[in-house]
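Below you'll find the structure I mean.
The chains carry the letters A, B, C and D, assigned in the order they are written, with residues numbered from 1 in each.
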């Protein structure tokens, strides 16, 4: 029997349940889980703040496992990774939690909006525990044939890869959209895993100055360790203070690039003001609907000649690139410093509580 | 003596004053005015809604004139147009109202934000009548040596060029930023000269469908004549009606591109909603501060993966390209149909009143 | 029985063969062919100049047909078009000749190079007549379940759509890559269907001046009818003449954008020279290997700060956008003027001969 | 009296000459030279391979000096740096060797091709020693009023800044144009200062793998120290070997990005082949005309869907960004390791000889 942590319904506590070992269809892969992450989305799932979630679910969307079994039928073709190489038993791999882009709808074929295909399914979020081991907080994970698999290079330990969880591909998407220019001043709003990953990636874009606006203290300290030049604690400053601080750092101009990773609506107009005229502002943190905010279209947008880009989800390329970036720069950035807690399945509820309370930077489930 | 229409101060009426014929410095050009436009900015100037205006001023920023005199000193170099050709007496030319980009500040040299140089001066707006004939509502216009001059090609009559006034280069900047893809559905909010120009330019970008949202009737009729496939009268519809209408025209997706040219803050969140997921929204009409508006960062921006671009001012290239586009497509689009009133200097106040009341599409001052 | 024109092997003549009416699998569609095009690729196929072609084949890659039968099994889902609407019997549709992008390889998922997936199959080119009615020169065409189907709008007659054949989506891809700016001077090298389509699309990008360099006379006359401002006959000019002519049209600078659609290697260095410093050059016509050419990397590329973009194939979006652009601008451009010959199946060989000899602009097969 | 190294004419040896201390015009600045670089262009100047050079010249285009005197007349405005801050005596500054962009020609105003303005002048290259101290191999450098001045931040020592000389802004321009995506494999052709700078900057763009193709040994060793993952010695490999090696490193695909920095024409078709389908190739090293080369437009360009960008010169932004990038990452990259020789004015000829023989990575003139 296989144990997995199950979220039965919104507002209920996580419980460990037993599952039969699944029989693999052609092209499927069974992973023995090494670790899975706990992220802010999991706290939203626990509260029922996302629409269309088929509870009960096994949470855990970004995960790493060792290939335990491969569903190759008689005369079947090998299962291939994203690079086209055959998957082998014993390999340590990750996979994109999102799969099932249809390749046929308007968004897939004409719009080329890879994260807006309505057919997408998400491990740990939109797949029910009634349908199998389709989340990472489990001893084993069942990868359906359409899932995109990426082996971890030898130089990237699985804990290192998981240290920012889905924060890294999310931030990589955002920082790519940001089109950072060499020497830019980049302001990051929000010091959670997405914001911290963005602070690192901004340096891997050649930013001249990285300014982290966030909190609490433990996360700002992590930002400093990971190369932020300046940190500004939102608990000790007003919006005006922060605007003055950023202007002082930029000869009065404001940030060339600002990246929002907070989830707080009022951060958005503030971010518009922190950005210089003709700068660029990426909004990646508004993942759930927690209300409206107001701004001045003349002053904050039009006269500023400001560009704002909403950034939703990540695709295979963002995960693939995250793996390769984290491998290459593993000596420069001590990724595992981001992990401040590991929990077994029996303590998954504690992990969730610690993340919700921002007591940790990143929590892992290690079954 | 030279007559010019002068706006003495905010809230006062236009009056005709007399000026001496100026003595030309090296590199300056004196134009005998053929026509100048009246635009929404002029109504803001009359009410004192712009900061930093050195009243009294001679209004009129986009104008056409015949070269009357050229300030070439002894052994002086010829005065050149943007293409590097010498200016000749008798030529019919226009010029960019904005001049004086310093070429030295951070915005000019590093940011390449051509419309954000703080040294820019604007004919008819930031230059005082006390300093000379520095606006278009005048029998003659004095072009300082730094002004960028563009001759009109033979196939573009001066009235045709002036028919959209500054609306054309403004819209050309906006539609360029919009990066319209072939076959896109483009929604234009606002049926004034900027919006109508955008409706035409969207077709000259290969839009598959142009939808004009605006009013009043006279302007929507112009939009239809200029190729809009669908017009939606804001006076007869609610925001929900408009959203439904645009969705019905786009298989439920919303506009690929939306361009705001209204000046009304609430149009901005509406435009975000009219645009499809992963679409692009250009905000070019919020030229003065008339207050705040509110939106939902999750629904209207982040989850939509929406891109928003504020668009401020226009540069030499936008005007140069406007001239060449209007010349090439003068047979396809009857530009002069946009002009619904011509006024001499003595009736400049009437022109201003008619524009403020939206009784005309475009008014010209013809001294 | 169903008749189709078959190319048995390279160097052999087209012959009409009979096929059984196929039984439709779930999701397949059978089209009654209205028309199919003959293009330059077909002449290459006849000579055996493409690798990997599984002769015998039914040629014809861009085609239009009426939906005759839909493969919907018991309880089967409807077959959807690219917009997500159900296909209905009697509809007039086209389809992308290329299908079978895997959605899993590196090019599909990471590189987002939609036309470089190695799994792609092409109707009329890489599918054998032994496997069914998989080309357009046939009374019926069998659309496999993966094929992307696009209905023609009511305002676009099927002959109008077919008038440029695959030349239109190919050119639409190239002109999109060209990033034409408003008012640009665009030089098109080659007056075949790709070049002529590019000349039209350049105008639907707001080009200020379109210059066609090509031949023979019949095609240059078509270019003029379709809005080219200047045509230059390659049979009556030297490379130096053409360079001088383009410089004279552009104040000595050269073309802002040049698009190559010739298939002749020496056209490529010439196109580099025809383009201005910091301009852009699109190479779309070098579809088969007919040898090398030489150029000067310092003068022709580096010092010019020139950008060159090779453009290969087209994807669903290019075809979808072609359909919508051709529909919208059908009044402005008389598409059917491009068609200079229609042939039934029995005369398909004549069509091929006429295209090879450049005796026609576009030839259609109408079974 | 002020000493400066002068190149009297092509083919002649450098000689030290004496100059009077100049009288400063309003807005000019006199620098006491700390150091100046010797670059490949200087060896071309010595041989007379560049057109339009007004010999005798004082070579040295990228330099650092201490502000010795400022030309501020009575009531004169302060001289400002690029950030708009007043220049002060005693500051350590660099400046862009290129100045005099007219701000009025078509390239400046419409084309926005900042490095193609025909009015540009270049310190150490297109300014004569007869007109003053207009090159860096001199005890003092006279900065004309139009010159763009950039102070070095405290954390960037002047030797560190000069360690790659003009190679850094040149490479920064090239790597910016390359649009490196996170995790890309970047191949750099050429291990001189431009290539080595590009290898560093590729890492500051988040490249996943940097492959240096070049020589000799001393330069490849520097490439390894500066983070290249793989180096390939052109002296020990054939073109086929190199193509195999790059394919082996990239799952058979080829480089995502290739940057040419060799000056050898045959490197260009090789670079096209080293790059993957739908990849991007930047050609920045072909600074002088040393002949033609040949390629196959079908295989090397069109079918590959390859993008090639010639990259010419650098502008104020590239230098400004170089300064800020080098300051921020001075702890990560030991810039001064690139310097392998310092020479006083009397030994400037030796410096030139050592650079021509590739005996050094970077040589400095320290007066």
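Quick note on the criterion: contacts are C-beta pairs under 8 Å (C-beta built on N, C-alpha and C of every residue); 3 or more make two chains touch, one makes a residue touch a chain.
As the structure is a computational prediction, the values presented were derived from the model and not from experiment.
Pairs C-D and B-D differ in how many C-beta pairs touch across them, and the larger number is found at C-D. Chain C and chain D have Cα centroids separated by 43 Å. The distance from the centre of chain B to the centre of chain D, each centre being the mean of the chain's C-alpha atoms, comes to 41 Å. With touch defined as above, residues shared between interfaces to two or more other chains in chain B number as follows: 83-84, 106, 111, 251, 320-321. Shown here, the protein chains touch in all possible pairs.
Residue ranges on chain D touching chain A, taken from their complex, read 83-85, 172, 175-176, 181-183, 201, 203-209, 229, 251, 320-325, 327-329, 332. Of all residues in chain D, those touching chain C in their complex are 106-107, 111, 113, 115-116, 251, 253, 265, 268, 276-278, 283-299, 301-313. Those residues of chain D that touch chain B in the complex are listed here as 80, 82-84, 101, 103-106, 109-112, 114, 148, 315-317, 320-321.
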